[in-house]
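Dropping a structure here in structure tokens format, bear with me for questions.
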Amino acid sequence: MQNHILSIILFTPLLGALVLLFVPKENKDAIRWIANLFSLGGFLISLPLVPMFWAQRFEPGFKFIEGSPSNWIPTIGAGYLIGIDGISFLLIMLTTLLGWISILSSWTAIENRVKEYYVWFLILQTGMLGVFMALDFFLFFVFWEAMLVPMYLLIGIWGGPRKLYAAIKFFLYTLAGSVLMLLGILFLYFHHHALTGIYTFSLTALYQTAPKIYSDPAYGPNIAILLFFAFFFAFAIKVPMFPFHTWLPDAHVEAPTAGSVILAGVLLKMGTYGFIRFSLPFFPDVLMHTRVRTWMIVLSLIAIIYGALVSLMQKDMKKLVAYSSVSHLGFCTLGIFALTPLGLSGSVLQQVNHGISTGALFLIVGILYERRHTREIAEYGGISNVMPVYATITMIMFLSSMGLPLLNGFVGEFTILQGTFMENWRWGAWAVPGVVLAAAYLLWLYQRVFFGTVTNPKNEKLHDLTPREVLTFVPLLIMAFWIGLYPKPFFQILEQPVNQIVANVRTPQSGGVVNAATQPDAAQAPIATTAAVIDAPTRVQPTKGTK
Amino acid sequence: MAPVATPFFFYLLSGIMLIGGILVITRKNPVHSALALIVTLLAQASIYLMLYAPFVAGVQIILYAGGIMVLFLFVIMLVSIDRSIKERQFNSQWVVGIIAATALGGLFIAAFTKGDKIFPEHVLPMVENDNTQNIATLLYGQYMFAFEIASLLLLVAIIGAVVMAKKRI
Amino acid sequence: MFLTHIWLIPLLPAVGAAVMFFFGRRLQKATVSAVCVGSIVLAFILACGAVWQYSAWSSTSDNFHKPYQTILCTWLGSDTGHLNYRTQDGSPAPLQADVGFLLDPLSSIWLLFVTGVGMLIHIYSTGYMAHEGGYYRFFGYLNLFMFSMLTLILANNYVLLFVGWEGVGLCSYLLIGFYFHRKSASDAAAKAFIVNRIGDAGFLLGMFFIAWYFGSLRFIEVTHIAHSGRFSIGDPIITAATLLLFVGACGKSAQLPLYIWLPDAMEGPTPVSALIHAATMVTAGVYMVARSNALFVLAPTSMKTVAIVGALTAIFAASIGLVQNDIKRVLAYSTVSQLGYMFLALGVGAFAAGVFHVFTHAFFKALLFLGAGSVIHSMSGEQDMRNMGDLGHRIPITHRTMFIATLAIAGIFPFAGFFSKDAILWETWSREGGAYRFLWYVGYATALMTAFYMFRLMYLTFHGRPRMSHEAEHHIHESPMSMTVPLIVLALCAVGTGWLGWPHSLGGSDRFTKFLEPVFAGEARVLQEEGRTSQLVAGVEEQHNSSTEWLLMALSLAAAGLGWGMAWRSYRHADKGYTEPIAAAVPPVYDVLLHKYYVDEGYDYVFTGRRKLGNVRLGVLGLGTASAWFDTHVVDGAVNAAGWITRLTGTISSWWDKWIIDGIGVNGPATLARILSYPARLFEWGLVQWYALVMTAGLVGFVFYYVYR
Amino acid sequence: MLHITTLHYLVLGAALFLLGVIGVLTRRNVVIVLMSIELILNAVNLNLVAFSRLWGGLHGQIFAIFVITDAAAEAAVGLGILIAFFRNKETVNIDEVNLLKW
């Protein structure tokens, strides 16, 4: 059990999809029950991972490794190799939780082609989990692409009026990025073979060779930068970063509620996860010695402010939330490319937070949509009068999204901002207006939808949340308050991996030209020892009061 | 067996067979045709006996006269024959058909006449008893593989027949 | 016992708020009152106990003048010491924010008046809100506010202070928007929150500068390092940090240019205005600046900025207050003006005087608001003073208590305002050898205005001719006990609290300043080293020229008297259609003042973009519109253009494919074959038996060949 | 003449075969066409058994048995097709089977 827990978590949804195939499609309630059972089961099965992981949270390297390199297709060196560290652990827990919630939330929302819907959803779930678990690039790519298809179908079949446009845009855009990434992967793969004579897609092996491209006379920095951008496009489109974000509002607006939740909650995290897992360790020199990093930061900052500004002007609630995602994800990429432990851990935490709060926001919009079948803000007003519980939950989630202390958003944003600020105070300073604008667009939305008197007669009869709907929010609320009130466990889980990554990135690679000006503290740490990079601080003992 | 009886029975049975065959292809009513065919088949079974092939004769009776012909009769009952009885029985090319068949028959006769010499003068001696045993030994020995293939063929035919005859699967 | 359980003080209201959140809907009003008021009363008792115990604790020789700090656990940070950032000198420092509480004289003062005034206002609210809907919601929010405010006060580090800071902002938002069905209320609420957020952004950045420079965000450590002399006076980073902190304070404490939300905040229920927008929350900025005094004294530029902004705000808001007609708006502008006073005091380095004014102001301003609430209550919701008049004998308790408060705010001896205001004016006059003397004139003019608009309020409301409708007149009644008792208690405080700071020049001992000495003592040293000042705290004060001080006191008393007199002359007999003296004298000025210098409109044009300048929309909304246009047309346009080009090439390719490749290359031979096949087709007419016949014919031919070859 | 030789059997078989061929080529009723096919098969069987007798072996008979098997399969499938066809076209006339005609 302990050794195979990851595989069990990974394939439980797929098993559910297989079981669903044998249920007659007329039997909608049975299908719903089975799908919910399996998604809840998937979540519950992932819970034992928490204490197991907690016990070894400070140990270096990947944990719960299963399989071995090249055991799948030995001829090309592809393997079924999965394992997690703190970063993927949090994202996996987020995925299983959101997967359950979004499946629960679609109970009444999906009325036609119920069976296909749940089957695709469960397959999507496995795909996403696989992306976060894979330690083999081939496997990763398989999951990465495999998850596109269900999402495409979810948008394209159960979506809104312009669903085909949105679905095709989503699919092609993401696919275009993936193709470049595939080229990058192949380059790294053959480069590894050139250096070691071994064909393998194993991540740990590539970690050793990929950073050498920069200083390899046969390739040089320019090739390394090109490779970085090959990966960058795939991930930046997925995140999405500033100029590549336009598929997101379309996809969100047209997707069914649960699809939006998963799209915002998990799919976007794959981009940031890709940056953390691949871009940073593969191309440390590109980031440390060229202007690339500044560009990344600038794009992130543009995304933060620009996303918030555009969001301010939206007339469609879902579009507003979608653009707010652009802004929030800007914070995440900002934290990543700050390349400090604080920035990185804040970024991962913010990804989890974004999954929770934005997931909840999409659920919130979905609930109104289910009742009124419109997302136009102008159609609403005074909803607080008719749906008080709903209004309360919405308020909490809005506050969480705009980063109010004691709720989750603040912890992530604060850590990112502090980490970025310490790297370069201008970066931090430019990001701060995003916080103000977040309050502006969310509060304005709240005011327009919830405050005032009910002016539209269609809104007078709206019924408040059903117990099932409340149930979908409860875990999110609990998580929001937990992260806001007691984020220490999360920081402890993230501490080891982020220090490791920062150490890897900031340590000069063999033959790399260390630019002392840009890298004052790089020389201290060997690759694998994390704690040594940033040595334990001399903590000033607090003045304890006498009893 | 007495030599007198052999020609007699041969001609008798041949006559029955040919008359039966002619009836098969000329009757309007398929039921009559089928009955005529049964008579032909039974007569042929007797001829097999004359050729020291009792097992084949048995199979002929059981399978052909008993099995296949019942199948034919069932099908004739299933399809409505009332209309087809009243209609034209021969198609538009029947003259050409008969001419072609006659030509073929003529050629056969020519062939027999010309090729008479290739047959041996006397038939070779043949074990007359234990025919079934010997056939079994051969079927399950030398022709084992062919036998299995045949069984597979039957299986396919059964499934095929069911698939085609059934209204909705 | 009280000290070690100091965390209970904020927790109690939090529990009250949580109870309201989960069960409030189902509870009786009496239960709601019991839970919420009870939690605050308990908190007040605990606070008194804690302060009393602290004063005993800090006078022992071991802990002489030390702040008391207790740390419960780490809130932000991994607590392992491995999650670090680098400070400006390259040494690692952990990401760390404790759940920790700090009690020193400064927080003691805030603790006492916040819980005390808060308790009185809670009691008052049980009467005021008795007939309103959402009773439990109101008290839940109030309790949540108390929790946030107490967290803010008791926090031992900037981050936790920020928690309270944002928390009070949120509660302010919720309470201003309490009547959420009114558009003006929800507008005001959102405005308050967003303007506060701008300040908060500054605060955040200031905090990061401090963390970067000091490697810690705990007050004790920051103060310690600041005192260590490692940093020179006028250090640019510290200047930047303090200026940014002051931006935060401007937002929260309604200073120029971020004061605009406070007058609008009067949309909330009156107890809220009293508690949040007069007595407690708006002084949080003062608290924060006073708390960071160790940093501010290292940055003279920031100090000057604080002083000038404070003085300007004081006179600016007071001048608007001169002509407003809404009773609560007058008080709101008065609050902004008084807050300006406080910042003036802080800016000139007279931290103790500023804090003293916060303290006295909390009581008399809360009293004024509650009194105004009582008036509004009795007038069945009427807030416009033009429709009041002659209420004095109909609601006597309200009248008398409010009169006391007016005397206090106008600075009449021996009411509380006199002492605190004079302390500020005197410090402004004398600090740094008179460097700030020009601000004294501003402060003095403000004092005159204050007296005028306050007595104007009193005369218009309680004297003159009754100007309300008959129906309203019929309903006028004194408020219930639950409302008048707090008024009386507050009136007593408005008289007495000033005596705590009875100055030496008048033969007092100025206990208040002495009490605060441990907090600001370090700064006195810095200022002295700097050579900017010769006196700050008790003990040094005897040296200065008492006669000048007496003269200044007399002058400010004269100003108060003058203002009173002018108001008396103009409004004593105010009847319907009375004339405003300013409007009569200089109409354009009156117009500008009545429209609040058109600041809101200007902001709408320039910053928010809610109003268009011609056809152009500026400000944030303008940027937003431009960005949205850019997004749909340029960014998404590029994406769609890429798609369109792909499809165009696809169309061309498919045309080429269909007509050239497929048409000529593939279908050509096929067509040829088809043409050639016509003769062959003659043999095939699809009849099975024909095929059989052909087969037979073939057989004939075959056999024929073999037979006759 | 009195002696019955193999040739007699062959002639008989040929006659039967020709009857079958005539039936196949001229009749419109599919059932009868199928029966004619049976006739043809039987003619072949007769030859096989006759040759088997001539050479004194059993292989011819084995072949005959296989042909009978084949005939059974053919009859089953053929009649199945007939029924399916009849269901669709309400006729058993073979010259009306022209769906595949160009």
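A few comments on the model shown:
Just so it is clear, A, B, C and D label the chains in written order, and each chain counts residues from 1 on its own.
Methods note: a contact is a pair of C-beta atoms (placed from the backbone, for glycine too) under 8 Å apart; a residue touches a chain by one contact, two chains touch by 3 or more.
Since the model is a prediction, treat every value here as computed from it, not as a measurement.
The chain pair with more C-beta contacts between its two chains, of B-C and A-C, is A-C. Subunit B and subunit C, compared by their mean Cα positions, are separated by 107 Å. Put simply, the C-alpha centre of subunit A and that of subunit C have 33 angstrom between them.
Centroid to centroid, with C-alpha atoms defining each point, subunit A and subunit D lie 74 Å apart. Our note on geometry: subunit C versus subunit D, Cα centroid distance of 104 Å, whole angstroms.
Multi-chain contact residues of subunit C (touching two or more other chains): 687, 689, 693, 696. Within subunit B, residues 91, 93, 96-97, 100-101, 104, 108 each touch two or more of the remaining chains. All chain pairs in contact, by the document's touch criterion: A-C, B-C, B-D, C-D. Chain contact summary for the complex, subunit C toward subunit B: residues 687, 689-690, 693, 696-697, 699-700, 703-704, 706-708.
For subunit D in complex with subunit B, the residues that touch the partner chain are 2-12, 14-23, 25-29, 31-32, 34-36, 38-39, 42, 45-46, 49-50, 52-59, 61-62, 64-66, 68-77, 79-84, 86-87, 90-95.
By the touch criterion stated above, subunit D contacts subunit C in their complex at residues 21, 24-26, 33, 94-95, 97-98, 100-102.
Put simply, subunit B touches subunit C in their complex at residues 91, 93, 96-97, 100-101, 103-104, 107-108, 110-111, 114. For subunit B in complex with subunit D, the touching residues are 3-4, 6-7, 10, 14, 17-18, 21-22, 24-25, 27, 30, 33-34, 37, 40-41, 44, 47-48, 51-53, 55-56, 59-60, 63-64, 67-68, 71-72, 75-76, 78-81, 83-84, 87-94, 96-98, 100-102, 104-105, 108-109, 112, 116, 119-120, 123-126, 131, 134-135, 138-139, 143, 146, 150, 153-154, 156-158, 160-165, 167.
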